[in-house]
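Each chain carries a letter (A, B, C and D) given by its place in the written order, and its residues are counted from 1.
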Amino acid sequence: MPSALVAGATGFAGALAAHLLWRHPEFELQTVTARAEAGQRLDELYPRYRVPLELEQLDIDRHGDVDAAIVAYPHAASAPVVAALRARGVRVCDLSADFRLRELSTYERWYGPHPHPELLPEAVYGLPELHREAIRGAALVATPGCYPTASLLALAPLARAGLIADLVIDAKQGLSGAGRSATWQTHFSNSGENILPYNITHHRHTPEIEEQLDDLDPTHPDLRVQFTPHLVPLDQGELVNCYVTPTRPVARGELEEIYEGAYAGEPFVELAPQPAEVRDVRETNICRLHVALSEHTGKIVVLSAIDNLWKGTSSQAVQNLNLMFGLPETEGLL
Amino acid sequence: MPSALVAGATGFAGALAAHLLWRHPEFELQTVTARAEAGQRLDELYPRYRVPLELEQLDIDRHGDVDAAIVAYPHAASAPVVAALRARGVRVCDLSADFRLRELSTYERWYGPHPHPELLPEAVYGLPELHREAIRGAALVATPGCYPTASLLALAPLARAGLIADLVIDAKQGLSGAGRSATWQTHFSNSGENILPYNITHHRHTPEIEEQLDDLDPTHPDLRVQFTPHLVPLDQGELVNCYVTPTRPVARGELEEIYEGAYAGEPFVELAPQPAEVRDVRETNICRLHVALSEHTGKIVVLSAIDNLWKGTSSQAVQNLNLMFGLPETEGLL
Amino acid sequence: MPSALVAGATGFAGALAAHLLWRHPEFELQTVTARAEAGQRLDELYPRYRVPLELEQLDIDRHGDVDAAIVAYPHAASAPVVAALRARGVRVCDLSADFRLRELSTYERWYGPHPHPELLPEAVYGLPELHREAIRGAALVATPGCYPTASLLALAPLARAGLIADLVIDAKQGLSGAGRSATWQTHFSNSGENILPYNITHHRHTPEIEEQLDDLDPTHPDLRVQFTPHLVPLDQGELVNCYVTPTRPVARGELEEIYEGAYAGEPFVELAPQPAEVRDVRETNICRLHVALSEHTGKIVVLSAIDNLWKGTSSQAVQNLNLMFGLPETEGLL
Amino acid sequence: MPSALVAGATGFAGALAAHLLWRHPEFELQTVTARAEAGQRLDELYPRYRVPLELEQLDIDRHGDVDAAIVAYPHAASAPVVAALRARGVRVCDLSADFRLRELSTYERWYGPHPHPELLPEAVYGLPELHREAIRGAALVATPGCYPTASLLALAPLARAGLIADLVIDAKQGLSGAGRSATWQTHFSNSGENILPYNITHHRHTPEIEEQLDDLDPTHPDLRVQFTPHLVPLDQGELVNCYVTPTRPVARGELEEIYEGAYAGEPFVELAPQPAEVRDVRETNICRLHVALSEHTGKIVVLSAIDNLWKGTSSQAVQNLNLMFGLPETEGLL
């Protein structure tokens, strides 16, 4: 049974990853690490996850002998940890932005200097529904952001068909997406009975979406995505609306064929006959899509619902690990 | 002091209208009516509004001698009541859809046969920031829907400037927008921790928005609006995002001038330096706008926040009544 | 593998029971029934539970050949279904009130005539932590109400020690506790940003609590329990506070011993060092207790947190079925 | 028109006090002060309150010439500011705990050394329904905590009648009660879908309640109050349940007479025929009471609903200022 490490297990993503690996039948979670909270038990910080391990300071010498690692550090802080683990031969699933972008220059425009650009070529973008085969052979997988996950699963079939001429994405997410840090933004008295738009014209997830769409549809290069996110008063859940102006008129039947063809047999993508709701995917690794065509405007509207902490982050990382270790893709996730 | 009637005072809109008129210094609320709940007191149904009047069955002979009426009936049911009140000389502010659309054919496409089309010519669209002078002289004012109110205040300056080439509106509203009827949709166990998209490609408020935009910008006729609404887990509050592809490149400074010019001196429109939030307008007659330009996509993003029950419905009706009766526009609303 | 039926699978309790049995490794869910919604699929009504079975009208002749049944009917409607299933030899776990009370007269005071009093003697009260051995041999188990479950697990150790002289229970529960029916009570615009006390001096779960406490502590008969429930704005979760005036002064250490002795080895009861929170037990079969002693008043305060739909109803029913069929008690519940 | 100062206007209580005085017809709000946020405008921090004043560092020399002050500082930090203002002859309404307790020793047990004990004799406990005449003549009024406000209005009639033998108070409050500081406690992802009990056996408001009850009922001295508070997932609102074991059996009719006699003519106390709900008092200065008698246990259950920030703090302070300055008690509060 492969042994596993979660580095950075006190944020929402790392803690959930630890929970999922702890109850996973085919991985043995050996170590969970933390900086400030080292010495505490994870189940004191997160009673509901019931992982009875003590958080330790990360020590590559002692902890680097595992088979698998999920790294849940902030961007730029993550790359050195990933590099050290890779040097020890550990297969790594990284949750940060550090290895998601193919183009170094794009990374540096949004995040600053990259600590380990030499690792970029071996990193695989960890969206299994798009890159399954590459992930199977990978030693370093970059789990996508939650917004790109929901957006790309919504848009990939249209991009492959060369159908996207113009694109507006309006995204809504629960407060867990703002992270565990206590801020005025996450204060219940601010975020309750409210809707919080943020980064309305310049969100960091935009280049990640654009780079993947470019790969999917090389005939329409340089699509500029209008992406606007919001926090809405719930905890876990994310709904991404994609408003697509198609490159040519398209019929409802053709749309259905495109999506059914794209996702037949996918264990974690659902095509819903009714508008997708976040409740339907809460605490699952499922992306639920609803595709509609407006006869009035000719636009295609795709709704994509995920749990931002699960399919948007941590359970997708486990899905990636399953593939990387030759396990059934759904193991520990149903 | 003009006497007033609220016909249909048990729905959210009518009850709030009664509350606002009851505490209004210049109107005397004389009668509140209801069908099923007649005989009960309004403050039993809505303790928080503290209107100590008994609900009566509407009887035009007895109740038609008031100076002013707010009618809060469903569409089609409203027009006959409005007609009867107008026949008695009552000046009416209607909250239904019956007199909002100029084109009879448009009304009939969405709502079926119109019970009193002969009244359409005298009806004024009750958005004071666009039609103030017409409202002052009007005897029949149709208060806009909440989505058109927020959308049109966001878009009117751009429409007048001929700047709207393409338009996506993504709207989010609290559960009070779904009305007082208890349904699975409004059940807390469905609507809490959820986001509910509905009528995603064909909402009835679309033609109302399109008709007004056509009037504002005759040079770009027949703009088709992609409008998609959602219910999010809060009670009162509405955020409308307008994503505008401009007809020509536009600079940030020009945008600011356009909006400042449009709304200088407006008592109930705020231009916010930060993204508008619904908390900031809760239980007010204020529309709070934030205008942004994406340098990445060239699109204009306008956020418009209102309280759907106040500026979106009932307090806007009182603003209209103030104008119709020559009172200060802000009377009873600050 | 025992085959199973869920009769009445469209309410919250029955639907969750179907979900739990569908994914259970040792039961085969064969049939789910409904009255009004027969013909629909359960995963249309509850997409998140992903049970792909069509709801059928209950027909004892066709459906009565299962090994196990969970009956989720309203009180009085349940007993005839239970009787018919028992007549066919089906082992039944009932979720209604029909078989919870030992005393027929108590039942009839609160619920009216009992349709099948002849079955009362064979019914076992399905709180495994109190009646495990009796449940193992039982053919008819009455799953307790959610309030009695949380209250009795909090109080049983004190009752057995003869320590309860006076008792106030203040209970708070999420809206799922009010059931699936859409009412003004469950409307988000009423229940959100609100606290709803109900039945503040006469709740039907009181006699169930009193009868069990009497059994546990025969030396203090006829304890009258002051029980007051509330709905608070969340979906699933229940916190029950028990304020106990002890029959004699008691020390903190003695209290700890009493509770550790009572619950050592219990797989589904946790003793928490901090005040128990409902988030920590959401979607689990766990009851989390926190016991405190006020040095100021001498009173014992016990906080008991459960998920009202899980340990409070449906997962506890599965725990009972596991016992009834000789399976490991935790099967399908971890 | 008396001029007014709010010292410490950036917490929830101070900001609301500033809002109420800004729109008050008989006070002129001259200055709002802050420490860290000085230099910012109050309507930047709290757009919804629309107070267009710049926050200044408190400077008694410059700001001490006002007629009235509301001081919203933490305990111990408040007393020196109050003392300096009193030395300048300003009439002060303090929102901290510093002048609420008559007994210095009680204060010091809970809060540490008192910075200005010499001011205690002149301080009046600012619960107008209990101490109206003393407040009228007072120069220093200590506004009660929100829990004591709701509890004492619920219990005063029973205490005066000598009816309280034993008392359990279970209190539930929205997150605004936890203050503006961002903490894990107030993080939406912790407080949403949760119930947070805290200080379950030793809350600082207990002695304040006990001291006042002792004054009201000298025949039952030294009543020990079991008080347990919770945070529930809403913003503003507080429900306090008082479970009273009476000193003698009492009839429903007698109870009604006691409460009607106590509160007839009170502008801000309502006796509700149905269980009191916090929605009914949101953003009002009203305390809504519901009194019930359990025939089963003989206990009296009193439910008391207030808005913790309004009647529980800031609007009650304005009610006090109205009395102190000889204005109508309801001025600016309806």
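In the analysis below, a contact is a pair of C-beta atoms (placed from the backbone, for glycine too) under 8 Å apart; a residue touches a chain by one contact, two chains touch by 3 or more.
Note that the coordinates shown come from a computational prediction; the quantities given were computed from them, not determined experimentally.
Undergrad: Show me the overlap between the contact partners of chain C and those of chain D.
TA: The common neighbours are A, B.
Undergrad: Just grab the chain with the largest centre-to-centre distance to chain A, centres being mean Cα coordinates.
TA: Greatest centre separation from chain A goes to chain D.
Undergrad: In angstrom, rounded to a whole number, how far apart do the mean CA points of chain A and chain C lie?
TA: 38
Undergrad: What whole-Å value do you get for the distance between chain A and chain B if each is reduced to the mean of its CA atoms?
TA: Comparing mean C-alpha positions, chain B is 39 Å from chain A.
Undergrad: Please work out the Cα centroid separation of chain B and chain C, and write it as a whole number of Å.
TA: Centres of chain B and chain C (C-alpha means) sit 47 Å apart.
Undergrad: Which residue numbers or ranges of chain C touch two or more of the other chains?
TA: Residues 174, 192-193, 233-235, 277, 279, 282 of chain C each touch two or more of the other chains.
Undergrad: So in the complex, the part of chain C that touches chain B is made up of which residues?
TA: 12, 174-176, 180, 182-184, 186-189, 191-193, 233-235
Undergrad: Per the contact definition, I'd like the list of chain D residues that touch chain C in the complex.
TA: So the residues of chain D in touch with chain C come to 166, 168, 170, 172, 174, 190, 192-198, 200-202, 206, 224-226, 228, 230, 232-237, 239, 241, 243, 245, 275-279, 282, 290, 292-299, 301, 303, 305.
Undergrad: In the complex formed with chain B, which residues of chain D make contact?
TA: So the residues of chain D touching chain B come out as 23, 47-48, 193, 272, 277, 279-284, 288, 334.
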